[in-house]
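Consider the two complexes below, in which chain A is the common component and chain B and chain C are the respective partners.
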Partner chain A sequence: MKSMGQTQEEYYRGVRMVPYDLLKELVLAMAGVGVLAILVAAFLSSPDVAPVTIANWSQADPVDFVTTATGELAGTTTSAGYGAPYNTTPDAFQSWGPIAPQAWFGVRIPIDSANAYVIDPLKHASFTNSTLAASLTQWQAATPDQQAAWLDAYTTALADATVKDGNVTVASGDYGPLTLMMSNLLGVAQTGGLDGLLAINGRFYQTDYTQPLLFMGDGGYFDGLAANEHLSGDLWGMMNETGTYPGQTWLWLYTMWYQVPPFTSDTGFLGLNAGNADLGIIILMTVLTFLLALVPFIPILRDIPRWLPIHRLIWRAYYAPNGQAPGRPTSVKPLGSSVPPAP
Partner chain B sequence: MESPATYLHWGFILISWPNLLVILGMLVVFAIALVAPFPNHGEADDVSAK
Partner chain C sequence: MSARNSDSWTLRVRQAMDRHLPMDHLLPDRQPYYVGSWVYVFGVITIAALAWVIVSGVVLSFFGPQWWHDSSVGRFFNSLHFWSVQLFFIFMVLHLWGQYFMAGWRNGRAATWMIGVVIFGISILTAFTGYLSQQNFDAQFIALNAKDAMNGAGIGAFFNVLNFGQMYGLHVMLLPIGVTFLVVAHIVMVRARGVVKPIDPEGARP
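Take a look at the complex of A and B:
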């Protein structure tokens, strides 16, 4: 440690150093990577997949859209039962022992699936549609048991639904006002109105797509698009890109854990399993990050460079056995123009 | 480039070819960084001689 009154020159006297132009390397590296990036972009372009919207979805697969919307109304979709931060579904949070951040922070983005995706958009549409307004009134005046009976019957009928001119047709049955409600919702969605309604957040710039993403995620269409592009979890989707482009390969360390026990197991190990894999992997990566930061203090780990002296290969001129290799000065160089080699 | 990539499936290894090529490229760059000489290694860069 530098003692009081000791100059920099005195402090570094006797410390062997190698001259090295860090600024030159930085400039050359930036220039090289810049030219390479421009050339590769010119020849290969970049991924430019058209955005997926609710309008696309409802036009391409009307039955899936109506089935998902019916599920939202029934509260049976993934997002409807997700729990925090969207709703208060009991015990729908991941935890490991006392660690349960999803429960700690609670419902921060409240989304009532039935109202957000079906009832509220239909209320907007009913301003100029008295028939729809009457259907909504009938739905809201019905008892929960009656609503459940209509929903069950309609959901069952949707399994054999047909599409004609973009409209969904189901077999005759007692569905209450559901047929009319869903027909209108489908119409609003196909014109793009639902995309706008779900994206309204009261701010000048709209960047919050939570609601439409959750809605599309509940259906099968969005999932199918992801599977076609190899973006699903069983294909390590988090580190993939659309098309033939390489993805964010540095994410392999995070995605790898989802492919191996205990995070693939229902029973798990020490309370970590597939059910709390997201939380477990965050905890594991936090622990590993701390271990990486503490490597200089951890026996065995800190000794690895002595057993595998790769740095001696890089600085081989400095470590030349005759001691007279170039770059082995013993004189003092100003701080900033030299880097000391690794031990 | 817009069509989904093909995959290498070898035992438990399942990886897209573009990702594999990037990883191999990183390993090649690392190997080059180990063995390529520093530009000034061939020079008499002992500052005490300057």
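Take a look at the complex of A and C:
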């Protein structure tokens, strides 16, 4: 192989060569690593906390469920006002100067929160429920102002809602058909029907859980569970795993930026702040990755190994007088000068 | 060689391989004596861990993503996959730092270093899609959190972390193929050029 104008033989001229069994080393490495991995797997297992369903959520915290569903109908939840790629909420995108890829690509996974999470499921439920069908008709026939008034009143009342036998009760008031609609939606959710409706979404085979996950993410119940598992963002979020298992620890640098200015600051620096932290950190990590790849060409970065004496520890035998420092006690150990240098 | 044979693409490729990557470079039985340093072990144990990741992953993918939640054997293979990945990253980072302090990119080996960095990046993406494919609470949490980063950067329009099918497909097919292909290329480049010489002259004193 030519290397910078040299063959490998020329490159190694004068360097003492020793017997070295690469394949034996690989097989031994596979055996050693395999034994280690098997032992750790057998004794420590792996995390598997059951996923949360909408049924779990609506049974465990009916008020949070109904409050979230009401918010979806009112368009006040996170996903309802998310912007691209889910919907067209104006100015709901991150940008840094002229860089605004979230806006550039637009709505590619359309989600109409009110219809997806409330109206459409209730339409399914009203198939054999004429009372619910009448409530839906009343809701859809109402003016936007009337709907907003009902939603405001019902949302306010939900703050003091009580739960009895899994049902949510609010103080008397003018909520239009909302009480009946939400009661039915809660019932559908508690039986698991809403999980099925949102997951299947008019199909038979499907593997896309965007809708149910976004819905659960809008509520407070899911975040509470995550906080109990020490997974919150201020605890370095998705780098963690439930229990005491290691998570994606290799994401430490990426996750770290969310914990430090300017990405924790409202004012920020050079236009980077908490408001565009996701975009800013992805850009920063992309730049850092390129820098890592280009280390061989970057002065100072490429010179540090030469300045630091760590390479002298790595190649102790090479730097020791007469190459007497110990190497690995395997077939790769230097075997003395019985093997002639490469020609 | 006949004139006709000289136009043969097959012959030309074979001759180029003979010229650039002869078998005694690809599978040498001798190495420079400084390869006796323990730091060289990090590369081979990274490959060994990757092999266990692939073996356990193939078993898991054969039985499907639900299997390991309901079967003790499946749970064991998931654990083997999980811990092999952890070991793979530990060894890979050690290998990366080792190569950095050895300045392993010297003497025409910059491309080998750069491909190594690309492998590191794709490995992170592969592991990320794996965590999203667990079908448990962790997968839900990671997906809901990661979507904001992906969407904020515009990536989410094409790479939907809430779409299990997309993440699972990438995790078991495209990304592992990418990692494996690049690891093979990385190894071939190392073997083609040989390991780099130490930084300072032999026997140099501090």
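Throughout what follows, the second predicted complex is superposed on the first by the 289 of 343 C-alpha atoms of A that agree within 3 Å, B and C clash if a C-alpha of one lies under 4 Å from a C-alpha of the other, contacts with A are read in each partner's own complex, and residues count from 1 in each chain.
Criterion: contacts are C-beta pairs under 8 Å (C-beta built on N, C-alpha and C of every residue); 3 or more make two chains touch, one makes a residue touch a chain.
Note that the coordinates shown come from a computational prediction; the quantities given were computed from them, not determined experimentally.
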Between chain B (first) and chain C (second), which does A:217 come into contact with in this model arrangement: first, second, both, or neither? second
So, does A:302 touch the first partner chain B, the second partner chain C, both, or neither? second
Have a look at where A:33 lands relative to chain B and chain C in the superposition and call it first, second, both or neither. second
Quick check on the superposed pair: does A:8 touch chain B, chain C, both, or neither? Answer first, second, both or neither. second
Of chain B and chain C, which one touches more of chain A's residues? C
Scan A:235 for contacts with chain B and chain C and give back first, second, both or neither. first
With the two complexes superposed on chain A, say which partner A:310 touches: chain B (first), chain C (second), both, or neither. both
Quick one: classify A:44 as touching chain B (first), chain C (second), both or neither. both
On chain A, the footprints of chain B and chain C overlap at residues 18-21, 44-45, 49, 229, 241-242, 245-247, 249, 310, 314, 317, 327-328, 333
Complex contact set, residues of chain C against chain A: 20-22, 25, 27-41, 44-45, 47-49, 51-52, 68-69, 75-76, 78-84, 86-87, 89, 91, 93, 98, 100-103, 105-110, 113-114, 117-118, 121, 124, 127-128, 131, 134-146, 148-149, 151-158, 160, 162-166, 168, 192-194, 197-200, 202-206
Which residues, counting only chain A, touch chain C once they are in their complex? 1-4, 8, 11-12, 15-23, 25-26, 29-30, 32-34, 36-38, 40-42, 44-52, 82, 84-85, 93-94, 100-102, 104-106, 108-109, 206-210, 213-214, 216-217, 222, 225-226, 229, 231, 233, 237-238, 241-242, 245-251, 276-279, 281-283, 289, 292-297, 302, 305-306, 308-312, 314-323, 327-328, 332-334, 339, 342
Under the definition above, what is the set of chain B residues touching chain A in their complex? 1-5, 7, 14-16, 18-19, 21-23, 26, 33-35, 37-38, 40-48
Within the complex, chain B is touched by chain A residues 18-21, 44-45, 49, 228-230, 235-236, 239-247, 249, 310, 313-314, 317, 326-331, 333
